[in-house]
């Protein structure tokens, strides 16, 4: 062309330079903390770090010790019980409540406010309240006994066999409101005409839910599942507040194991190994989901 | 005279998807050019490239003889009007108009003067202190045009500016835009999918499909001499009638033969010799088929009325003839009951013949 | 007069039909308020509502009783004699370790942590979200993906590297350090929130501003910010409740004298020394829960919107 050279030849690196500068915190956090930090922890889980991280590698020693520790085994068992039951119950109760709320009821706002308020409270507050309600002397057990049923026994927080169920009750109280909200949003997202069609065809309501609505809400269920599941793995404050891991170490959970070894027992290597196992657990939950959710579409 | 906007070998791809391919376009100074096509044809992409809002993968863009390929949008001497108006909701009309000038640091008196002029031209003085939410759709679009106006630019870009308006307002504003172009004499590039807008506004229309300009011509030529089957089918409502058949020779004259019926091609201006045996498509617009007031000496064909659609000013007949169904536009006064047998004749001088293979005009 | 007779018969026919109509169902179908369906529906909801409200009720009544009454009665009985003594004690006198100035210390610590953390985290995240939505550059989506995946990584995995990083720049154990931590871990959800919001605004507004010659910050401050009040409120609700309720970061990244309220509460209630004063404990618990509860009750629907958006946080 006839020598119409542009005033400045923009270098790709300096295009939208301000935007790039403004994104530096995000890039640092993503690469430095989330990616780098996780890798660092995984790498150092193969060392015998004690008080301070040391790069002297010992292979899988820390993991062997971890899996031979009875406290870790109990933590994993508790997480499994708590996780599976809380998934089932919060999904069922959450969906049930959402379905009830979706019946064009009166006082919907009031009910929603009531079901959701525990979610605004911290796990510490939740744990302490339920610690008090489940107090064997003054709480539910005490009241039932004072009503005349002297042999009644319900003291989950002092009974190593059922302590995890005591925590489950508190956890469900705190978190089901959220599930209900997500499910309700999913139900409201379903085309009104589906309901009209089902009504005209004379399909009973429970069948409509079971065979039409729930299958349509598959994405909502999966998202909810992932959210609850990744929250369960992190459960920590609730246990600390409600039982401090007791009685004995009957209600220990992995997150607490990590914290105790990293910041109290000064055995960083164990802490790193345990947190690496937590990372692995989450990866097992997340990767299939992410693959289903995002992997398939890319080829479109 | 220099060209106002020149697009040279412009290509744009998103990943593997080629949105624009080696596109060349010269737009004359003061011209009203319409980019017409269905959604996804690349017309808005091209406009965004001209505006500098999208980066081309390859090629150059010149505005007023200056290579602006790498320039920021604000430095290109363009103003743009969007389909959704894109008025800043929290600012008054006046602040909306002046935002660009304030950013550029134009002196206050100058801003005032330019706003007054734009408000005068568009008759929006009473609206200056209102927020966009308090305006009707037509008023909003006028303000959006005003925003381009105050910038004192060489080239106006319109991205489907009337699509969000109802039919009545749309035709009103269409006239206003045309009037604006007559008084300002700026170059205007206008993207639309509405062929009526294109035909009424344009000096020239560029019809696009899959990132390629199919035909670039004035509206009359586009309408009467479409270069290919796509353009022929795209322009005109109801659509052109297409008859599939082949060329033949009868008595020394070229004819079009389909389902054993022959149509004389006398009067058709072919671009190349009409070789017998060639598979072709004959395209005739509904108003170019006559069922009464035949030209003297016209070739008559028998047809039966299938359906009649009265449309007020005129009548649309669907005729059955030799296995084809054809739409015919007739005057509104005369009515035809279904089943009526009548005679029709084609006006071959404005018909179109396309090769069945290449779909190009013959 | 055949006409008249036919007319009559049709009229008679009409009457017959209209009689039938008058006696048949007409107008709105009557509904009984106490239908079995409604009893089931509202009954179930009511029972659930009781389960959810019970702990709040227990907290309130226990905190209003004196210790002798707590020991005598059951936790559900309303107080015979209302006393605000436990509240005063929880606020001003309860002991953690050697400090006996009550939860007020933790409250003010939490406020000092909360305000800068909310401001900084929202500022950083909103700018990042805006850059992601409107100023994509090479790799920006990649960083964002890592950020979102990061939301699912258990904090425990990243805890120690952050400790090291903060120690390196000399802010470990300080308020600044904790603000940085809250900004880091609030990043994924807030960035997602802002990115989606800014992306939902008409892109033509951004284009128009570009043509008007506005740059990155001008568009952010003069076009985007004034339009984004609701999403900033949602982000604030999210962050205020999230940061106030945080326990883990408070324990790991602060020293005892600057412990936030949640940590101090846990220390008060679960301390092994001394006699358990359940009424004081419940008053302290209520005090700690008060801030997020007030935010919740005041914000209503916006809170729901916030958690629906923030649900990814898990």
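All chains are identified by letter, namely A, B and C, in their written order; residue positions are counted from 1 within each chain.
Here, contacts are C-beta pairs under 8 Å (C-beta built on N, C-alpha and C of every residue); 3 or more make two chains touch, one makes a residue touch a chain.
All values derive from a computational prediction rather than experimental measurement.
K.L.:
Centre of all protein Cα atoms: which chain's centre is nearest to it?
P.N.:
C
K.L.:
Once every inter-chain C-beta contact is counted, which two chains account for the most?
P.N.:
A-C
K.L.:
Most remote chain relative to chain B, going by C-alpha centroids?
P.N.:
Of all the other chains, the one whose centre lies farthest from chain B is A.
K.L.:
Which whole number of Å gives the spacing of the CA centres of chain A and chain C?
P.N.:
16
K.L.:
What is the distance, in whole Å, between the centres of chain A and chain B, each centre taken as the mean of its C-alpha atoms?
P.N.:
Distance between chain centres, rounded to whole Å: 56 Å.
K.L.:
With chain centres taken as the means of their Cα atoms, state the distance from chain B to chain C in Å.
P.N.:
The separation of the two C-alpha centroids amounts to 53 Å.
K.L.:
Could you pull out which chain C residues touch chain A in their complex?
P.N.:
Residues 41-42, 44-45, 48-49, 51-56, 58-59, 62, 70-71, 74-76, 124, 127-128, 131-132, 135, 137-138, 140, 143-144, 146-147, 149-150, 152-162, 164-165, 183-184, 187, 191, 215-217, 241, 244-248, 251-252, 262, 265-266, 269-270, 278, 281-282, 285, 288-289, 292-293, 295-297, 300, 303-304, 307-308, 311-312, 314.
K.L.:
Would you tell me which residues of chain A are touching chain C in their complex?
P.N.:
Residue positions touching the partner: 12, 15-16, 18-20, 22-23, 25-27, 29-38, 40-42, 44, 53, 93, 96-97, 100-101, 103, 105, 109, 111-125, 128-133, 135, 138-139, 142-143, 146, 173, 177-178, 181-182, 185, 223-224, 226-231, 233-234, 236-237, 240-241, 244, 254-255, 258-259, 262-263, 268, 271-272, 274-276, 278-279, 282, 286, 290.
K.L.:
Given the complex with chain B, which residues does chain C contribute to the contact?
P.N.:
202, 204-205, 207-214, 218, 222-223, 226-227
K.L.:
Considering only the defined contacts, which chain B positions touch chain C in the complex?
P.N.:
Where chain B meets chain C, its residues are 48, 51-53, 72-74, 78-80, 82-90, 99-100, 103-104, 147, 151, 159.
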